[in-house]
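These notes open a run of structures that come right after.
Look for chain A in each of the two complexes below; its partner is chain B in the first and chain C in the second.
What follows is the complex of A and B.
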């Protein structure tokens, strides 16, 4: 597959602060690339540089094999952007807003009308098309924001944290919509600090911190960097200190932490650790309310690489 | 074009914001047109005089009495002194003239016989005395040249009947243009208010950072988009101006508007509409919320209208206020309206100051456009 985006040695500073530091990466056609990182890691700056909304000191950006520039309208026609903040006209209805932003790319009225209907359907706003933005809930407003960015059926879509402050129903709708866009052939660059979304959506992930790539790869490739095999959490209201000490001796256990009736156990290796743990609890007659196991997350990867949480 | 379509949809959505100042203008225009303008009517004043003639009614005395009868209303029946006093007190009679015995002879001999006069307190009495003294002054002047009494009468008669011919050079009734002047000066508030409100609300919508970013990533040249927006602002401005002029035809009447003055009022307001558009365009760079637009609109429209005499005539404003008003285009617009109202004759002396004030207003428009472009470019510079 050919590269849709090629970023080479991109550097962008705000006065003495390097927001993006010698960044190089490529996005392949048809993939969903996740740009993951905490606030201030350089995700939005990278995206704005790619879109020629920001000037940069050094580097090269190519989209569809052509150099990106503010007046590269042939490239812009094929690009859709959904910004983090909702960008719609309060004076226009849902339909009129989508029609306007679609009209920045598509002149033909009949084609545009069909595209607007498709966008409304994609984000589930068919019943709200006559409403004004102020009449919409936060979640529906976010959906409208997305519809405005993708209505012209772009080949490359940038989504900058589109699910911030969105209710679960709207979030699911948005994520399903993005999957559908990929199925229709679009390439997606998805910027977020929600690792769960990246895990659900993205084929490949780039983790940024302080404007640099600290890791990149598929979900599994990244999780392999975490050096954690499994995490088991058990709710035990009363755990005597002598019994707590016993957990360290269980096979494959590398860390034990007990706080406020919650016991967290980290396994660095091993299989079927949860079954072994349940047997241990039964043998030692330790009563518990809940027990669950989880695989390492991208947050663990980030923690492993930077020593801090993604949402710090 | 999608940008123009969005522009006019936003105009329609905000139409309520300009209805109030427009209704106020319509009401003002209607009330102004139906109000009575006071016009001064001048007529000759004939003071009331009582004559007590103690001389024979011949020669110069007879001529003097006839002169008084011609220039005043000579009253009789005041022989009773108390009645005469009351008449003077209540100003039924302005002056009592007593012609002494041998008046005509003494005057012909060059003596200066004393005419006794008693007068009431009003200004008409003073006027009456002037009438009497005028005759005596002329008669005494000729008497000094040793003329016969007959010749003296003839000379005095010729002198006092030599009236100055006066002719009305212009029949223009400026009072009917006072209504037009009031309407168009009040339009200073309406035009500024409506233009700032609509243009700023539209431009602030398009200039909002997120919308601007979305427009920048769109496949339309942002400079072309700005040109389209500016063109639509101009179309709105011309449309609104035309509406206010058409309204003036109905409220002020075609006899006022289908005149050269009416044309000048319309032209002056068109130039002002241009400057109001540029003011609104400049303000829109700063006002990015409806609240800010509302605040600035009130300050600029109401402020300039008060300072420059749109609500209160300029002659009632303190000099310090008028001195400050000179830096505002509204001052020149309203002053030009006043000048149009006062036109009696169409010549260079009356028209040149009006055209110069229109040029001054146009100059403000150019300055505001340049300023807006400089600020706008600085703000739009990509980081």
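What follows is the complex of A and C.
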């Protein structure tokens, strides 16, 4: 598959603060690439540089094989952007907003009318098309924001934290919509600090911190970077201190924490972890209720690589 | 693409209640308030002369044109004032006791009015003093210009002054004549129309903000669209100008045909100047919007301050025009507000249209310069931060 975006050695500073530091990456046609990082890690700045909205000190940006510039209209025709902040006209209805922004790309009225209807359907706003933005809930407003950005059926879509402060129903709708866009052939660059969304959506993830790539790969590749294998949570209403100390001695256990009847065990990489733990419970006749086992998350990867949480 | 953007820009603008109020409704409200305030001037049956004092000191007597003109207002059957000539202390005492509604005095060549409270009589006194002061200044200007033309040849200064007075008084009918009172009112409405024109700066700033990614989120979306910035900017500005133009023309016709303000034969010229003035204000708003690298709210405040300062210099809020003409002569020669108001004043004062057309041409030139500079700044623009 060919590259839709090529970024080489991109560097951008805000005064003395380096927001993007010698960043290089590529986005392949048809994939959903996640740009994951905490607030201030350079995700939005990277996106705005790619879109030629921001000046940058060094680097080369190509989209569809051509150099991106403010007047690269042939490239812009194929690009759609959903910004983090809602960017619609309060004075226009839902339909008019989508029609207006779509009209900046598509001149033919009949085609545009169909595109607007498709966008309304994609984000589930068919019943709200006569309403004004102020009449919409936060979640519906976000959906409108997305519809305005993708109505012209772009081949490359940038989504900058599109689910910030939305209700679960709208979030699901948005994520489903993004999957649908990819199914229709679009390449998607998805910036977020919600690791769960990245895990659900993205084929490949780039983790940013302080404007640098600290890791990249598929979800599984990134999780393989984590030193932990799994996290096990067990409900044990009553656990004697000497029995608690015994958990530390089980093979591959790296951390043990017991609080308020909940035992949390973190395992290093290794085999038969759960079996060893079950045997210990049985041997020591420890009464337990439920057991949960979790695989490491991207947050664990980030924590290991940077020493801080993604949401810090 | 142009008309698509124009259609929606105009639609959004017309539904923006705040902008519609300040650019369209507010001038109408002011027009109605002006009309109510000046209503007594139309009604000669109820208009009685009222008492004023004049500080008749050396400074006052030195202002010969002004003092002579003011004197006529206290003479005849249809006099405007009952004038008592006195010294400053006595004038102050009369004002304190409520025996006069105000008194007139001259300090360093500047004509001043002191009043104790606000009311119709006080407004008439202030307005009339200002009017006569302006006329006296024009007479002086005309006379000085004639003297300068003589290029060192002996001249009859008295004859020149008499001629200048004739020119002004012919352009300005006798002060006791009803048509003059109407003209005094008309001048106030000229100022109102000029102020309405200047609202174009606010409108165009709003329209520009909509296509600037460093100011609004909608600007970001517009900036990444494959539409030439020039098309977006031009269609947005045209939408703003359309709304402004319709508002100003409606205001002119409302004041003329509903409120009955007398503009004489000047209506086509007023419309022309208002159209050009509105265009210049639109370009000024665009220019300020482009050069001011600050957030939207602060930008709006700066634009209001700039236009209000221009209005102050241009005398839209009283007799400040002459003061600023003397203090900063260049200000009103290059300020769009100054040129608009001067254009309206020239319609009122001069039979000859030369000065009016000079103002119109100056406004067109300034509009072109502001537009060209703004567009050059906007082209291929990328931002340090957004």
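Operating definition for what follows: the second predicted complex is superposed on the first by the 284 of 312 C-alpha atoms of A that agree within 3 Å, B and C clash if a C-alpha of one lies under 4 Å from a C-alpha of the other, contacts with A are read in each partner's own complex, and residues count from 1 in each chain.
As a convention for this text, contacts are C-beta pairs under 8 Å (C-beta built on N, C-alpha and C of every residue); 3 or more make two chains touch, one makes a residue touch a chain.
Being a predicted model, the structure only gives us computed values, none of them experimental.
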Chain A as common anchor, with chain B and chain C clashing or fitting: clash
Chain B versus chain C as contact partner of A:58, first or second or both or neither: neither
Contacts of A:224 with chain B and chain C, given as first, second, both or neither: neither
Which of chain B and chain C A:69 touches, first, second, both or neither: second
Touched partner set for A:245, first chain B, second chain C, both or neither: neither
Part of chain B, among the options 8-16, 98-106 or 116-124, whose backbone runs into chain C after overlay: 8-16
Chain C-contacting residues of chain A that also contact chain B: 14, 51, 53-55, 70-71, 73, 76-77, 79, 81, 83, 85-89, 91-92, 96, 99-101, 103-105, 107, 148-149
For the chain A and chain B complex, residues of the former touching the latter: 14, 51, 53-55, 70-71, 73, 76-77, 79, 81, 83, 85-92, 96, 99-101, 103-105, 107, 148-149
Interface residues, chain C side, partner chain A - complex: 1, 4-5, 8, 11-16, 213, 216-218, 220-229, 380-386
Sites on chain B touched by chain A in the complex: 2, 5-6, 9-10, 13-14, 205, 208, 210-211, 213-221, 382-383
In the complex with chain C, residue positions of chain A that touch it: 14, 48, 51-55, 69-71, 73-74, 76-77, 79, 81, 83, 85-89, 91-92, 96, 99-101, 103-105, 107, 148-149
